[in-house]
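Down below are the structures I want you to see.
The following pair of complexes shares a single chain, subunit A, combined with subunit B in the former and subunit C in the latter.
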Partner chain A sequence: MAQSRTRLLAVLLPLSLLLLAGFVVPIVIVAFYSFIPPRSFEFSSDLTLQNYASAIGDGYWRPLLWSAIGALLTTIICLLLAWPTAKALDRFAGRWAQIATLLIALPIFISESVRLIGLSLFLMPGGGILAGSLDALFGVSIGTILNTHLAALLGLVYVHFPFVLFPLLLGFSLVPREQIEAGRDLGAGRWQLFREIELPLTAPGAAVGALFCFVLSLGANAEMTILGGQVVTVITRAIEQRFSYAQDWPLGAALTMLVIAVTAIVVFPVLKRIDMERLLKR
Partner chain B sequence: MGAGPILSMQALSKRFGDVVAVDSVTLDIEDGEFFTIVGPSGSGKSTLVRILAGLEQPTAGQVMLRDGDITNVPANQRPTCMVFQSLALFTHKSVGENIEFAAKMKGVAKAERKQQALETMDVVRLPQDYYDRSVTQCSGGERQRVALARALASDPEILFFDEPLSAMDYRLRKILEVEMKDLHRRTGKTFIYITHSLEEAMVMSDRIAIMRAGRIVQAGTPNDIYRQPSSRFVAEFMGEVNTFSVEGGRIRELGATAAGVDDGYLVVRPEYLRHLGDGDEADVRFSAAVDNDYMLGSRTQFHLSVDDQVLIAELPAAAAAGLTIGERREWGFDLADTAHVPE
Partner chain C sequence: MSDTVQTARRTKNAQALWLIAVLLMLYIPIVSVALASLTNTRYMQFPHKVWTLDAYRNALADYTTTTLHLTSLKIAVVVVVLSVVIATLGALAFARYEWKGRSFFRRAVLLPVFFPQPVLGLALLLSFTAAGITPSWQTAAFAHLVWIVPIVTLVISIRLYGYDVMQEEAAFDLGANRLQVFREVTLPALAPGIVSGALFAFLLSWSNLPLSIFTTGADTTLPEWLYSRASTNYSPLVPAIAMIATLASALVIAAAAALWVLLSRKSAPRQAS
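Showing the complex of A and B:
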């Protein structure tokens, strides 16, 4: 007993050290910074809540709200797109589905910034790939959605779609085919099958995917900068500005802690309801 | 029993690519009977029942329910219900929700549904306090009952069973076989049962069809099939038998005469082989050595050898008493106790 315990600790040690150095220590430092006087840099002992007052009072709720709305919309759209895709890939498992899955996974191997700049070249007005081709081939001139909220949302969905799809595919693989047949045999129509059997059985996969998507989208910055231009200021951009141009680390730290709190409020209730063991023990 | 068949299969075929899973099956099922389709794995029996349930479309042929053609009616609109091999219980639902599923799909009110579910639980002898239990908390036998109750509660005209007992241990299977037969008698519904175990089929069924390579090779009452198998395949599928080939009135394996028997095969069950004392008569006589004995409780099984052919004989304890291993004796059987099959 004691021996196996020591061995377990030894195995977990490298990861524990990494998490300690890369996650716990920075968070503790940021948390500490969020309580020192504004625009100061020293670890002083007179702690204050003033940064939190500014974070909440100085209009930062606006970028935070944009981030939350963006993350929420991205999650909903990704779920709506990924669910039927996962169902089709699961139903028609075989060579065709393998190729389709590969095509969806492939872009993940390319740097996110490269993909987003590519998307921005595609959407560019005038000589952009889409507008230019339409003009040259069909004589149609179109405007652009570049530098709008819509373009930023498009980028968010494009980047985060696989993070929803793959957990959902795992979720679908856990739905026994015979349960669906039994439902049909017992008189369930298409919509009833969806509501009574497919949806509850794929819910854990969907929840894991939605969490990935929401958390990653909430912290997304590149999509906004590259595709949203100056129109969209999200909380990550605001934080970045506090730390860089504004040189107000304590306020940046307070904003960071707020974002972590928002994330935790969303993540923990969902995680609590997912039977991770069922998903992983497959 | 009503007039005319409740379900009629007319030249049903199903192909998967080049494979013919069901090959032109024509069969009538009478109203209220317990009909079992038996066959080895890969014989197409599961595919056949899936076609009947509407879960699979036949490549050719028709399925008639009473006088109506239901070949193209989807599973959710057929008045039939299937109990799957895996049972396919909804693992995210409680016992009660499983049983009420069909009623819920029809839009029956909650209170009425519950009342029906509790009544059905009585029918399958499931305690009422299981209503709120999760199906994952139930034992194998209890799950079986939940699956039965779920199917019965949908009030189908025909119930299909796709080997629902094959994953159970022997003792539980025996108990459930009896319960299944009892349930059939009490509900008066038509049961169509699929199994690879002829023993199971014999215990429960009014009629049996034996399936091989997509075709029905014989259909009849258990007694008919036991007494008069139509082929060696059926005879050997029925359990341990001795099969002899007959050519020109002689049994090749035994070097014995079988007067008046046509060319083909003779099937002799182990219990009809007996050892002959002085003055005992038998239509077919031969001498064989006793190789081995196996106690089967009230009976003993003997393996005999004639040249390199191994025969199986089963004797009651009294008749077995005088036999010793290695001993060579006269054995025989009567033609009245044999079945003759042409192939």
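Showing the complex of A and C:
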């Protein structure tokens, strides 16, 4: 018994230490900084809520709101796009589906800088890949959506789509084919099949994917820089500005804590309900 | 009857078309990068008047290309080695051993994965600075580990769930000691999981932007350089280096796939017996 406890400790310790030093302690430090007087750098004992007051009062809720709206829209669009994709991939079980799945997975591992640069080169006006080709081939000249909200949203959807698709695909693999066929034999329509069988059974996968997508796009910044032309300031950018140009760490820390709070509100209820083991074990 | 068959066929065709459209959308930006790299004019005017590999020649001759690749490689190698060790042990605690705090541990491990990466990067930056640590590629490697180790732990755990503990017991019954059991039974069975975990670790570190951007200090990784040069000072050198970096990671995927096939073949007969 004592021996197995040492063994457990040995396998548990490295990961626990990493998470403690790299995740828990930094959050505690940020939390502490968020309570010290504005524009100070040293730990001091006079704690204040002033940073939170300026974070909310001085219009810094605006970047947070933009990020939250962007993340929400991205999540909804990704779910709508990933659903038929996962369903189709599940239907075409076999070699072709495997190849298609692999091809969809590969871009995840190409740096998002590369993919976003590609998207901006594609959308560029005048000599861009799309505009230039249309002009050369058909003599049609088109405008561009580059440097708009729409372009940033397109980038967000493009980068985060696979993060929704793969958990959803895992969810679909849990749906027994016989159950759908049984439902169909009993005269269920497409909508009924969706609502009564597919949706409840794939819900855990969809929830994990949506959660992944929301959290990742909540912090996203590169999409707005490369594609959105900074038409709005997103929260990551706002925090970065507080940390670097403004040299106001406490305010930056307070903003960081607000993002962490939003993340926690979304993540904890979902994680609590989902049985990861069931999803992984299959 | 033939009506339903026809509807089914039509749905199937529509689904195939949809998949092709999705794949096209996913690859258009990557093809765009490849096309943009094949010219020598600073301002892109597609279709190019001159198609040339000049940008690649310049990129290969440029010292920056080497430095960027070396920095990214250093970080990725450290991340792969450490994350495989930590995650293999962690996966045993995650999926294999029964213990009291396990379900809490399982959720806690997932938290860094479900956390906005740039925010993690900024929190780490603040902590490093507060602790008097100058950010460099080493601190970036640490930041990568915080995000990547949980993912690798999940990847190895999946393999561990499908693993039959009885094999270990059988080996013990046959008189093997603990080290032998680990080396001869546990490790070979886990090997494919460890290889895919290592591959994930390498690729996620190699391509990471949101953590690196705040934690590398004076050092610059490939994605960081591409990001900063994309918004200011664009030239065909940018897509050319992007293509070189992507091809480098493709080579790693190919090598890992070969290793994976080799290992599964090796461990398969042992599992069967």
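Everything that follows uses one rule, which is that the second predicted complex is superposed on the first by the 280 of 282 C-alpha atoms of A that agree within 3 Å, B and C clash if a C-alpha of one lies under 4 Å from a C-alpha of the other, contacts with A are read in each partner's own complex, and residues count from 1 in each chain.
What we mean here is this: a contact is a pair of C-beta atoms (placed from the backbone, for glycine too) under 8 Å apart; a residue touches a chain by one contact, two chains touch by 3 or more.
Remember, predicted model here, so these are calculated numbers, not experimental data.
Of the two partner chains placed by superposition, only subunit C is touched by A:128; subunit B is not.
When the two structures are aligned on the shared chain, A:114 is found in touch with subunit C, with no touch to subunit B.
In the overlay built on the shared chain, the residue A:85 is in contact with subunit C alone; subunit B does not reach it. In the superposition on chain A, A:27 contacts subunit C only, with no contact to subunit B. With both complexes placed on chain A, subunit A has more residues touched by C than by the other of subunit B and subunit C. Shared-chain residue A:145: touches no atom of subunit B or subunit C.
Looking at the shared chain after the overlay, A:215 reaches subunit C, while subunit B stays out of its contact range. Taken in their complex, subunit B has these residues touching subunit A: 53-55, 74-77, 80-82, 84-86, 88-92, 101-102, 104-106, 150, 154. Here subunit A touches subunit C in the complex through residues 4, 7-8, 10-12, 14-15, 18-19, 22-23, 25-27, 29-30, 33, 81, 84-85, 87-89, 91-92, 100, 103-104, 106-107, 109-122, 124, 126-129, 131-133, 136, 158, 161, 211-212, 215-216, 218-222, 225-226, 236, 239-240, 243, 249, 252-253, 256, 259-260, 263, 267, 271-272, 276-277, 280-281, going by the rule given at the top. Those residues of subunit C whose C-beta lies close enough to touch subunit A in the complex are 12, 15-16, 18-19, 22-23, 25-33, 35-36, 43-47, 85-87, 89-90, 92-93, 97, 99, 105-120, 122-127, 130, 142-143, 145-146, 149-150, 153-154, 157-158, 161, 203-204, 206-210, 214, 222-224, 226-227, 230-231, 238-239, 242, 245-246, 249, 253. Subunit A contributes residues 176, 178-179, 181-189, 192, 196-197, 200-201 to its touches with subunit B in the complex.
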